[in-house]
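Consider the two complexes below, in which chain A is the common component and chain B and chain C are the respective partners.
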Partner chain A sequence: MQVSYYPGCTLKTNAKNFETSALAVLERLGVTARELEDWYCCGVCFSQASDNLMQQIAPIRTLVKAKESGNRQLLALCTMCFNTLKRSIEFIKADKDRLETIQEFMDREATRFYGDEVDVVDILSLIKQIGLDKLKDAIVKNGKDLKIASYYGCMLLRPKEIAIDSPDDPSIMEEIITASGCENVYFPFRTECCGSYQIVNEPDIVKTRAKKIIGSAVKNGADLMVMLCPLCYYNLDEMQLEIQKEDNTFQTIPVLYITQLLALLMELDLDIHDFSLHSVDPRPVLKRKGLL
Partner chain B sequence: MKRIGVFVCHCGINIAATVDIEAVVKDLKDYPGVVFVQDYKYMCSDPGQNMIKEKIKSERLDGIVVAACSPTLHEKTFRMTVKTVDMNPYNCEIANIREQCSWVHKDKNEATPKAKLIIRSVVEKALLDEELEPVKVPVVRKALVLGGGIAGIQAALSIANSGHEVILVERQSSIGGRMAQLSETFPTLDCSQCILTPKMVDVAQHEKIRLMTYSELEDISGFVGNFKVKIRQKTRYIDWDKCTGCGLCIEKCPQKVPSEFDQELGKRKAVYTPFPQAVPNKPVIDHENCTYFKTGKCQLCKIVCPFDAVDFDEADKFIEEEVGAIVVATGYDVYPVLNMDEYGSGKLPDVIDGLTFERILSSSGPTGGEVRRPSDGKVPKEIVFIKCVGSRDPENHFPYCSKICCMYTTKHAMLYKHRVHDGQPYIFYMDVRSGGKGYEEFYQRAQEEDKVIFLRGKVSKVYQDDNKIVVCGIDTLSGTNVEIRADMVVLAMAIRPSKGVEELAQLLKIAIDQNGFLTEAHPKLRPVESLSAGIYLAGCAQAPKDIPDTVAQASAAASMVSNLFAQEYLLHEPIITGVDEDLCSGCGLCITVCPYDARILNREKSIVDVNEILCEACGACAAACPSGAAQQRNFTDKQLSNMVKAILS
Partner chain C sequence: MTKNRAISSRKIESEALEQLEDISGVNVYACYQCGNCSSACPAVEFMDILPHQVIRKVQLGFIDELIESETPWICAACITCTVKCPRGVDIAKVMEGLRQIVLRRDFEHINIREIDKKLRKKLPQIALIGNFRKTIL
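== the complex of A and B ==
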């Protein structure tokens, strides 16, 4: 099975370990994710500005590339990229005039894109599509003692037009965790906002939220937290040390991309994990639980 | 040729301001077939009608055209008028020169010629109109009431008290419906069962009412005044003629299952009556949970029954009846909490719906009326009520207001406070809708006397934290986020039409609206009739409503039934589409297009027969008929083509 792969900016920098672990896991599951030859910015939050068509051009150009790649599915690992790319499709499909205006700017593209030719897919849905049985078969290590808190954030679940699961009570991550042999820890803040870009101007907001989210996962007995969004990852991982500086009773917890956990359980090459990218070092917990 | 008179109405200035009446009168005077034309300021007034009567006689008119407002308004008026001077009412036609002419034009030069053409075309129709007599239909003076909740009970008693026979069909083994589950009722706080059970007993004892519980409507045919119905009596496995309701079988039954009546908080046996005051107070065996049916062993109930009433081999019975009218009172269900992902998807035991809380409050309920939460039986010291859950949420759930939640939630908070004096109730609301006699006062009382805290805003999240239920909401009046660590949460879930109503509506050929409720014939003027003649609506099956409104609607439906039964025979519009036997080839095209099943193939004669009573004169068959055999009376092809010619000339 082959899908096209759109990395986006973060996956090539801060979230390098997400990319390497995800691609390795997919390879083990028999999926080749071929990176687009040429790709543009996904548009980030700018493409969601309500009145500016111009800012849709970058994501649409990427989708044109995806169409040209010949693969129906375009994997976006970063949840922000997933969200904006998928919403761009909805955006042009909702209004023919928008589509036409945008196409007028596609003077360097040989291919026309109408919205239905490419399916943007996230890695959770892709793993489910491959089959949880196949995932189970690929797991080598026993994760029975490992209690996992799955954190969704918002980008995969909102708005509902592009949501991959219920925005308030999703289950897809837990299903994957169950299939991987680990134990799920339910905590009430798994879909709560991490504070997002407030980290730039109002880091205290993020700090408060991180404390609430992490605190709840710890209280419910989690050993590890897994997620997919590089921004949530940054906010929830890095902020923990800041919180601990102010509150020494605060208990930290390692944060991993879900694909890192799967890679560890599959005993893939350890080089794909750059543990130096973590603020809260996951290695002590991983060693204790026999994953390292 | 017929002698046609034309009467042109000014309708004050409604018509006269944009139509040159004088010119119209002059024009019509010369039109072939027209022997008399007269205008008048208000034709529908008494002097106007009298003038028509006089002129029909003096001018020896065979038919008239009244050029005035829409026929929906006064066609009936003028037809009654001509009838008094022995003209066949169907020789009176209306030319609509108000709604379709004067009101939609500003320019007199445009409106006047158009008015002329409209009237001319109707004159053409009148020239070929036949004299018609309404079709007489006999009436079976027996009613069928579907649903044995308070709506059905009220309707059945009311019809029976006017001396007509009633069959009351209820799908549960007892009548009583949702009202039997309620604790106390707003705004008077009288006990629901205390006011309901006497009525239930009245139903059971009424000589005119045949009570058929544990039964459902299986099939129906016929039409108003003459329905043929088939009712399925579901297998009870207990012969109710032998059973005395002693309850020994229930006592000995080893199998316990969650009680639907107690919203699954309590238990019942596999052989059971839904509640102790059930009417009829006789048990049924729940096939799905019965040990004998599951394992082939047990039969304890059969062994202990002193009257040999238990019969495991019993099968469904079918009863056929003829009835003249039907009241649909199938009630409501509560939208399940599991649809509310933000409120725990039904996984949190102490987050319950309002109906479940009714059972907790009920003195005959699983806690004997003490407020105890389901998870650990603890008395909740802080309790949060959330209103509009699923209602007024067009994006995710339902757009409508469930109407009763404002009042019952207020009542819940009040009753809670009456039982847990040191407890604190909170109510999150979007609006407080307390329209109704004594309702606003009730709401004020809850705030002032019972210190219920009302918070205006929605709740975004409800989650379990240790043994508390944390409610995260917003108080939009103070603009602050609110977090309450409560012991229990009660959700005022949306009211839904009861399960199976869609299939029932299909069976009865009555409409349901976009939300699944039964549709009334007119939202204001015909609120208890369905669009199918002879089928009436009552209670929450039509829309969410409280007990007083339900009783009022049920009484109104019963009164409509009595009106129907008071008539010697029913009259059906004679304007139907017949069959010219000489032209009909029996191709059956008209049968496939008829929405009323009014056309039947007569294989012997190889033609189509028409049931004149079922035909509603929609004209679909006339349009489909390839040979012109299907002609709608007084709307024949000839008439229509003459009308078109008159307009195009």
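== the complex of A and C ==
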């Protein structure tokens, strides 16, 4: 099976461990994710203004490249990219005039994109599509002592038009965790916003959110938290050290991309992880639980 | 004045209100003030005007008050409010509309040069670009 792959900016820098672990896991599951030959920044945050077509150009250009790649499915690992690409498709499909204006503007593109030719897919849905049985077969290590808190964040679930699962009560991550042999920990903040880009100029919002989200997962007995969004990852990982400076009773918990956990359970090459990218070092917990 | 707008005896005529409707494309008059949005919003403790109050003020045409408010800049577009609304009011789009009205007038809400250099180097690109998309025109 082959899909096209759109990395986006952060997967090549801060979230390099997400890219390497995801591609390795997919390879083990028999999927080749071919990076697009040419791609552009998606713009990160989808413009919700109905009259702003300029901000749709970049994601549509990338979708043109995806169409040219010949693969129906375009894998977006970063959830911000997933959200923006998918909503751009909805945006042009909802109004023919918008589509025409954008197409006229993009007169140098050899290919025209109409909205239905490419399916933007996230890695959770892709794993489910490959089959949870196949995932089970690829797992080597026993993870039954591992209690995992799956954190969804916003971008995979909202708005509901592009949601990969129920926006209120999703279960896809928990299904994957169950198939991988680990135990799920449910916590009430698993679909709540981490504060997102407010980390730039309103870090107190992110700190408050991180304290609630992490605190709730710890309270419910989680050993690790897994997620997909590189921005949630940065916010929840980085902020824990800040919170601990102010509150020494605050208990930290390692944060991993879900693909890192799967790669560890599959016993894939450890070099794909680069644990130096973590603020809260996951190695002590992973060693204690027999994954390292 | 449309029939729906008869909620106020005050004639609502505001250029900013029209602009907000154009940008957001949202019918705020569907809101019946149940408060679901405000109870679900994860950033509500940082807001000076709560999401359901924002919608009420839009209904009444008090856009200038909202433009002065911190609330649209606290909103991180997580869209929880919109998902929770039983009346299908896209509150997140109204917040975007309010940000856009200010930005189309003033061009920027934050000064990039004021971001700490060390932080700028450390932050993932999606944090910076995401932020600039919402705070700079």
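Quick notes on this structure:
Going forward, the second predicted complex is superposed on the first by the 287 of 292 C-alpha atoms of A that agree within 3 Å, B and C clash if a C-alpha of one lies under 4 Å from a C-alpha of the other, contacts with A are read in each partner's own complex, and residues count from 1 in each chain.
Note that in this section contacts are C-beta pairs under 8 Å (C-beta built on N, C-alpha and C of every residue); 3 or more make two chains touch, one makes a residue touch a chain.
Please read all numbers here as calculations on a predicted model, not as lab measurements.
When the two structures are aligned on the shared chain, A:183 is found in touch with neither chain B nor chain C. In the superposition on chain A, A:117 contacts neither chain B nor chain C.
In the superposition on chain A, A:35 makes contact with neither chain B nor chain C.
By the touch criterion defined above, A:109 lies against neither chain B nor chain C after alignment on the C-alpha atoms of chain A. Once the two complexes are overlaid on the shared chain, A:78 sits against chain C while remaining clear of chain B. When both complexes are overlaid on chain A, the residue A:242 reaches neither chain B nor chain C. In the superposed model, A:55 makes contact with chain C only, not with chain B. Using the contact criterion defined above for the overlaid structures, shared-chain residue A:168 touches chain B and also reaches chain C.
Annotation for chain A, partner touching more residues between chain B and chain C: C.
In the superposition on chain A, contact is made by A:158 with chain C only, not with chain B. Under the contact criterion defined above, the residues of chain A that touch both chain B in one complex and chain C in the other are 167-168.
Across the complex, chain A meets chain C through its residues 8-10, 13-15, 41, 43-45, 47-52, 55, 78, 80, 154, 157-160, 167-168, 192-193, 195-202, 204-205, 208-209, 230-231, 234.
Those residues of chain A that touch chain B in the complex are listed here as 166-169, 188.
By the touch criterion stated above, chain B contacts chain A in their complex at residues 341-342, 344-345, 461, 463-465, 470. Residues of chain C that touch chain A in their complex: 22-25, 42-43, 45-46, 73-74, 76-80, 82-83, 90, 92-93, 96-97, 100, 110, 115, 119, 123-131, 133-135.
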